[in-house]
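I've put the structures underneath this note.
Both of the next two complexes hold subunit A, though its partner changes from subunit B to subunit C.
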Partner chain A sequence: MSSNVQSKSLWRHAFEQLCKDKLALTSLIIVAVYAVVAILVACGVLASDWEKSVGPSYNPPSLEHPFGLDIFGMSVWAKTLKGTEVAMSVGLVTSLISITIGVTLGALAGYFGGKIDEGIVWFYTTFTSIPYIMLVVAIAFILGKGLMTVYLALGLTSWVSLCRLIRGEVMRHKDREYVQAAGAIGGGDMRKLFIHILPNVLHIVIINFSLSFQTAIKSEVILSYLGLGVQGRPSWGIMIDDAKLELARGVWWQLAAATLAMLIVVLAFNILGDALRDALDPKLKGK
Partner chain B sequence: MNIYAYIFRRLLYVIPVILGVCAIIFLIFNVVAPDPALIILGKHATAEQVVEIRQQLGLNKPMLSQYFDIVRSAFTFDFGRSWSTKQEISEMIKAGAVPSATLSFPAFFISTILGISISLLVAFYRGSMFDKVTVVGCVTLMSVSSLAYILFGQWFFAYKLGWFEISGYDYGFPYFIPYILLPAIIWVMLSVGPDVRFYRTIMLDEIYQDYIRTARAKGLSERVILFKHVLKNAMIPIITYVVIQIPFLILGALLLESFFSIPGLGSITLNAINSSDFPVIRAMTVLSAVAYIIFSVITDVLYTLVDPRVRLS
Partner chain C sequence: MNKLSLLSVLIVAVLSMVSCTKKEISSEKVLNLVVGSEVKGMDPIYSNDRYSSNETARVYESLLEYHYLRRPYQLSPNLAEAMPEVSNNGLTYTFKIRKGVKFHDDKAFPGGKGRELVAEDFVYSIKRLADPKLQGLGWWTIDGKLKGLNEWREKNTASETVNYDEVVEGVKALDSHTLQFTLVKPFPQFLYSLAMTFTSATAKEVVEFYGKEFLNHPVGTGPFILPEFKQSNRIEYVKNPNYREKTFPCDATEEFEKIAKEYCGKKLPLVEKVIVSIIKEDQPRWLNFQKGNLDFIGIPKDNFDAAVTPSNELASDLSTKGIDLLIQPSLDVTYTAFNLDLELLKNKKLRQALSLSYDVNTSNKLFYNNRALPAQSLVPPGIAGYEKDFKNSYRGHGKEDEIERAKKLLAEAGYPEGKGLKELTYDCPSSTVSRQIGEYTKQQFAKIGVKIKVVQNTWPELQKKIDTRQVEIWSIAWGADYPDAENFLQLLYGPNKVPGANGSGYNNPEFNRLYESASTMQDTPERTALYEKMTRMAAEEMPWIFGVHRQNYVLKHSWLKNYIITDFEAGTEQYLDVDVEAKKVALEKL
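Right, the complex of A and B next:
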C-alpha cells in the first residue's frame, strides 16, 4: 500500500533527523530516564522509604543526603523521586484525556462539517471563553481534592488547541484523492476518517503530546499551591508550596530540588517538542 | 458577503457564546457543585438552618430563573453580594480593578515591547549562535515553575537583599510603584520566553515568503527588509496575539497578586476560591469570559479589516 510506505518514510525520516540532533536526542534520553524512575517508584523499587525520618529537621544538604532534609527529617531526594511518579503520571494521564477528546471532536467537526462542525466549534469557543484556571478550580470543587482531580481538571481543560488543529487538518485532507479512493472501494465515513485520514494527521498529535505533557507538569504545581492537588504524598508542587514557609528560615533545598527536577524534564519536553515539529511537519521541511 | 454583513454576523455570534458560557457556569456552580448551604453551615447544620440559608441565597428559586440570573449578570454586571464579606460584588470589582491595572498594564506593555524587540534581533541573526542561545534561553525561562520565580524572587531580592518591597500596596501614583516593581519584573520573566518564541516564528514565517526574496533580489538591505517589509506584515498576527491577551489581564496575575498582597482582582478571586465564595467566583468567571468574547470579536474584525487576504466566510 503506497500510503503505508510513505508514512513509514516520514517516521523514519523524522527518527533519523532526531538522532542527528544531539540536543533532541539528549532530551529524549532524559525523558526516558524520568519515565523509568517514575515506573520504578510506582513499583516500590525506588524511594519506597520516603516517609522515613533519616536525620534532624531541616538538615542542610550533605554528602549523605545531597538535597538535605525537610521539616520531618525526610530525605528531600527521596521526596523528589516520589514526586517524579506524580509528575509523570499527571503528564501522561492528562495528555491522554485531552488527546482523546481533542482528536475525536476535532476529527468529527472537520470531517462532517455542517451542523456537527458548528456545534463543536460553538462548544469549544464557549469553553475557551472561560478562563482556564476557573474551570480547573470548578472541576476540583466538584470532585474534591486528590490525584484524580488533578488528572481530570487538567485533562478536561486542555483539549481545545489540539481539537482546533485536528479539525483544520482533517478538513484539508477529507477531499484528497486517497480518501476519495477509499470511498470508491466502499469505505464508509468512519473507515475513511479513522483508518485513512487520522494516520496522516498523527504527527500533530505527537507534537501536541510533548507540549501538553509539560504544561500538565507545570499546572500540577499551581493546583498544589491552591490546595487542590495530590494529598498525603509528596509532589513537586507540594514541595514548592512548602518552601514558601521554609525560605524565611533559609531552607532553600526543597525549593531547589523540586524546581530543578521539574526544570530538567520540562526543558527536555520543550526541546523534544520543537525537534519533533521540525522533523514531522512537512511544511517546515527544507528550512 | 460585504464586510458590514460579516461584522454584524460576528456580533450576533456573541449571543450563543454568552448563553453557552452562562450554561457552563450554571451547571458547575448551581447544579453539580456541592450544596453551598452545607459549605457555609458545615456538616452539623440543622434542616431549618439549611432551609433558611437556601432562602437567603436564592437557592430555592426555580433552576431556570437561577440560570437567567447568571445571563442577566453578564449584561448588567450586577452580581449580588459576596457570601464571605457581604459586600456588593460590583463594588469589590471596582476597588480591585485599579491595583490589578497598575501591575498588569505596565508589565504587559514592557514584556510585549521586549518580546518584539528581541525577536526582531533574533530574526535578523537567524541561524547564528545568538539565535540558538536566545531560543534555548527562552525555553529554559519557560521551564521554571512560576511559583519558583515568585518564591525565589520574593525571598532573595526583596527579603535578603532588600531591593524591593516584600509585599503590600499603596494607592495613587507614584506610591504604588515600589510595590509593583518586583511582581512586574517576575511577570516579564514569565512572559518573555513564550512571547519571543511566538514572535520569532511569525517573523521567520514572513522571512521565507516570496516577496522577501523579491525584495532581496532587487538589492534592498537586510535591515530595510526586516523593518519595512517583515515587521509590517508580521504586525497583523502580532496585533492579534496582543489583543487576545488583554482580557486575561483582567484577572491579573492571580499568583503574583496573592503572593505580593496586591489587593487586585486576582487576590479577590483567590480569596474567593479559598473560602468557597461562589458568587464572587461566578462573577469573576462571567466577567473574564465576557471580556474574552468581546476581545475575540475585536480581533476578528481587526483581522478582516487589516488583511485583505482573509476571506469572509
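Right, the complex of A and C next:
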C-alpha cells in the first residue's frame, strides 16, 4: 500500500516538473501530434489518396503542394504523412516487443539469480552479437519482406540494454524492507516481483521507451533505404532512397521532407527522454 | 641531431615512394570499366547473364567471335584458325584449331606452366556444358543440336559419375588440332553459340584440380589473367604475357575504317591492366566517371537531362572536357513476365487486361527519358522478324478507351473490377530505378483494380527465385546473345523452360512447332515470315507485358581509343586502348 502512494506522488511530481520545462513540454506536444497524425492516417482520414497522381512529374513545391511532387506526380506531403504512420507504428510496436521481453527476462534474472540468471545473461550476450541487419535478412527469409519483419527484427534486437538495466535494478530492490514485508504477510515470488518491485522500476522502462522509440524510427529508415524494410508503400527511408537519384536533377524536396519529418520527431523524443530521466530518476532529484 | 636526420631520411623515403607510385600508375595503360551488378562467378558454363559473361570472357576464349569492326554483326575466327568447313548437307562443321595457343600459367598444370590448347579441350568443354550433374546454364544453346550429346547427358543423369571418356559423335577431335561437330539437323545459328562464353575452352586438369572452387579460379587462354576471383567491389585483370600473336583487324566496314587504318596489325591486347569496379548505383557511377575513374559509362536516367540536349547532342560543359557521346539502338527488350506455371496466370484475358492497363508511354518518359521504343512484341528492330508497322492490340498507352477495354477483359477473365483476385507478388532487382518501375506497375494495375506487392531482390536472388518458380510476376530484360530473332523467340519455346531461358514457362504446341521449323532454316524470306508469325502470336497471347527496346547512350573520355558500342561486349576490351598522355592532360581539366 505504502509503495503505491509513494509512486503516485513520484509520477505527479514528475509530471509537474515536465510541465515546468517548456522545451520538454513542446517535445511532448510534437510527439502527440505525430501520434495523432499516425492514427488518422491509419484510419484513412489523412493521406488516404497518397497513391493518386496530382500533377506533373517532379513539380517543385507550390502553394497547392507545399512539398512538391515526386517522379509519379504524387504529393510528397501525403507520402510524408503516410511515412509517419510507418515510422510511428514501427516505433511503438518495436518498443512494446522490446519492453515485454526485456522487462520479463530482466526481472526474472534479477529476482531469482543463480542458474536462471546465468542462463538469461548467457542468452542475451549471445543474442546481441547478432547484428540486426543479419537478423532482418534471416526473418525476411522466413516471413518475406515487409512491415511485420521490421517490427520483429527491431523488437527482437533492441531489448537487451533494457533487460540489463532491469536486472540490476531488481537485484537492488529484492532485499529491501518493503519486499521482505510483502514476503512476511505471505506474498509469493510472483506477487513480490510483479506487484511490489516492478512498479518501483517502472521509471526506467518509461525512459527507455522514449529512447528506443526514436532508435526504432531511425533503424526503420535505414532498413527501408537499403530495400530491406517496408515494401510497396511510402516510408521516409524509401523517400530518401528515391532522392539520391533525383538530387542529380535538382529535385531536393523529397529528401527535405523526409529528413525534416524524421529530424523533428527524433529530436523531440530525445529531448523528452532526457526530461523524463531528469524528472523520474530519484538520483537526479533536486538538481 | 641523430633523431632529426633519421626523421628527414624517413620523410624523403616516404615522399619518393609517393612520387614513385604516382608515376607508375600514370605510365601504365589501364582500362577502368564498371559493372552494375554482382558477378556470380567465373565459370563459363554458368555465365548466363551479361555481367558474368563479360567478366568470364576476359579470361576465356571461344572458337569464334564477332568481328570488332564490322556491322551488321559478322562472325570471325578466334581460337579457330578459320571459319569452319561445312558439309553440303549442313550437318558437319570442321574446325582447324589455332596452333601454339597456351593456357594461362597455373599451379594446376605440371610445373605451373600452361600447356597448349588442343581440340580435345573443346570436346571436354562442350561435354561439361552438357554435364547433367553440373546443370550448366548455357545448356539451352546446344540442347538437341549435337548428335548423341543429349543421349550422353541422359545416360549420365542416372549414373553415379559422369563419363567424359565416352566418345560422342556430335563433338569429336579428329586429331590434336581438328575439331568436328555433327548436328542432328541443320541449324545455322549453331555457329553463334560457338562465339558465346558458354562454349569457351577450359582445361580438364584445371577443373579437376580446383573442383567446386573452379568458379573462383579462372584459367583460360584469353588476353587477360585473373589469379583468383573474390566477391568484392573490384576485379583486377593483368595482361597475359604469353598471349598468342593476335593482331588488330585491318578490314572494317566503312564507319570504322579510320580505326582499322590506325591500329591495323598491332598486337593485342592493347592495355596492361583491366580494372572492373562493381558499382550498383547510378550516382556513384556517374561521379566516378566525371572524376575520370571510369573510362566510359551509360548515362544514368537522372543525369540524362544534364548530359544530353533535346537535339541529342552532348551538353557543352561535358564536351569541353573532351567527353564524347555515342548513341546506338541496342538489340534488347525489357519485359514483365508472368509465371505461366500458375493456374491463375494461365488466364489469357487476365494477362491481356494487365498489359492494356500498363501505360508504356509514361514509363518511357519517366524511366528512359522518352528515348526508348515501346515494344510491340519481343523482337527488336535491326534484325529480321521485326515489323516496323505492326501494332500490338493489347499495348496500353494510358488512354481512357484502353482502360475500359482492360476492365472488360478483366471481367471476362472472371475478376470484374479485380474482385476475387488475390494480391499478386511482383519481384524486381534491388536498385532504386527497378523499385520505381515496380511502383509504377503497381499504379498501372491499380487502375483496373488489380493489386500487386512489389518485392526487391538482389540479382542472384531474383534469378534463383525464377529458377525455383517462386515468382508470380517479375521484371527483367533480354539482350541478344546473337543477332538473330531466333534468340528472342527461344525465350518462349516450351522445351526451353527453366533452368533454360524461358522463365515464364510459356508452352504453346503451335508456337513450338513453328519455332522448330524456323530454327533449322537458312536466312530466307520464308524464315522471316515464320519469325513474324511467331512474334504476332506472342503479341496475341501475351506471356509477358512487353516493355521497350532501349537505346544505348554512352559517354566516353577522350583518352579511350577504339571504343564502339556493341551488343556483344564479351571479350572486346582487348581492342580498347588508352592514350596515357592524353589522359594526363584531360585529367587536369576534370
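Annotations for the structure displayed:
Simple rule for what comes next: the second predicted complex is superposed on the first by the 285 of 287 C-alpha atoms of A that agree within 3 Å, B and C clash if a C-alpha of one lies under 4 Å from a C-alpha of the other, contacts with A are read in each partner's own complex, and residues count from 1 in each chain.
One rule holds in what follows: a residue touches a chain if its C-beta (ideal position, glycine included) is under 8 Å from a C-beta of that chain, and two chains touch if they have at least 3 such contacts.
Note that the structure is predicted; figures quoted are calculated from it, not measured.
When the two structures are aligned on the shared chain, A:72 is found in touch with subunit C, with no touch to subunit B. Of the two partner chains placed by the overlay, only subunit C lies in contact with A:232; subunit B stays clear of it.
Looking at the shared chain after the overlay, A:57 reaches subunit C, while subunit B stays out of its contact range.
Touch criterion met: A:270 reaches subunit B, while subunit C stays clear of it. In the superposed model, A:241 makes contact with both subunit B and subunit C.
Between subunit B and subunit C, more residues of subunit A are touched by B. When both complexes are overlaid on chain A, the residue A:104 reaches neither subunit B nor subunit C. When both complexes are aligned on chain A by C-alpha atoms, subunit A residues 227, 241, 244, 247-248 touch subunit B in the first and subunit C in the second. Contact residues on subunit A toward subunit C in their complex (touch as defined above): 51, 53, 57, 71-72, 144-145, 227, 231-232, 238, 241-242, 244-249.
Subunit C meets subunit A in the complex at residues 281-283, 286, 300-303, 305-306, 365-366, 430, 432-433, 435-436, 438-440, 442-443, 446, 452-456. Every residue of subunit A that touches subunit B in the complex is listed here, in rising order: 122-123, 125-131, 133-134, 137-139, 141-142, 214, 218, 221-222, 225-227, 236-237, 240-241, 243-244, 247-248, 252, 255, 258-259, 262-263, 266-267, 270-271, 274, 287. Across the complex, subunit A is touched by residues 16-17, 20-21, 23-25, 28-29, 32-34, 136, 139-140, 142-148, 151-152, 154-155, 159, 204, 208, 248, 251, 254-255, 259, 270, 273-274, 276, 281, 284-285, 288-289, 292-293, 296 of subunit B.
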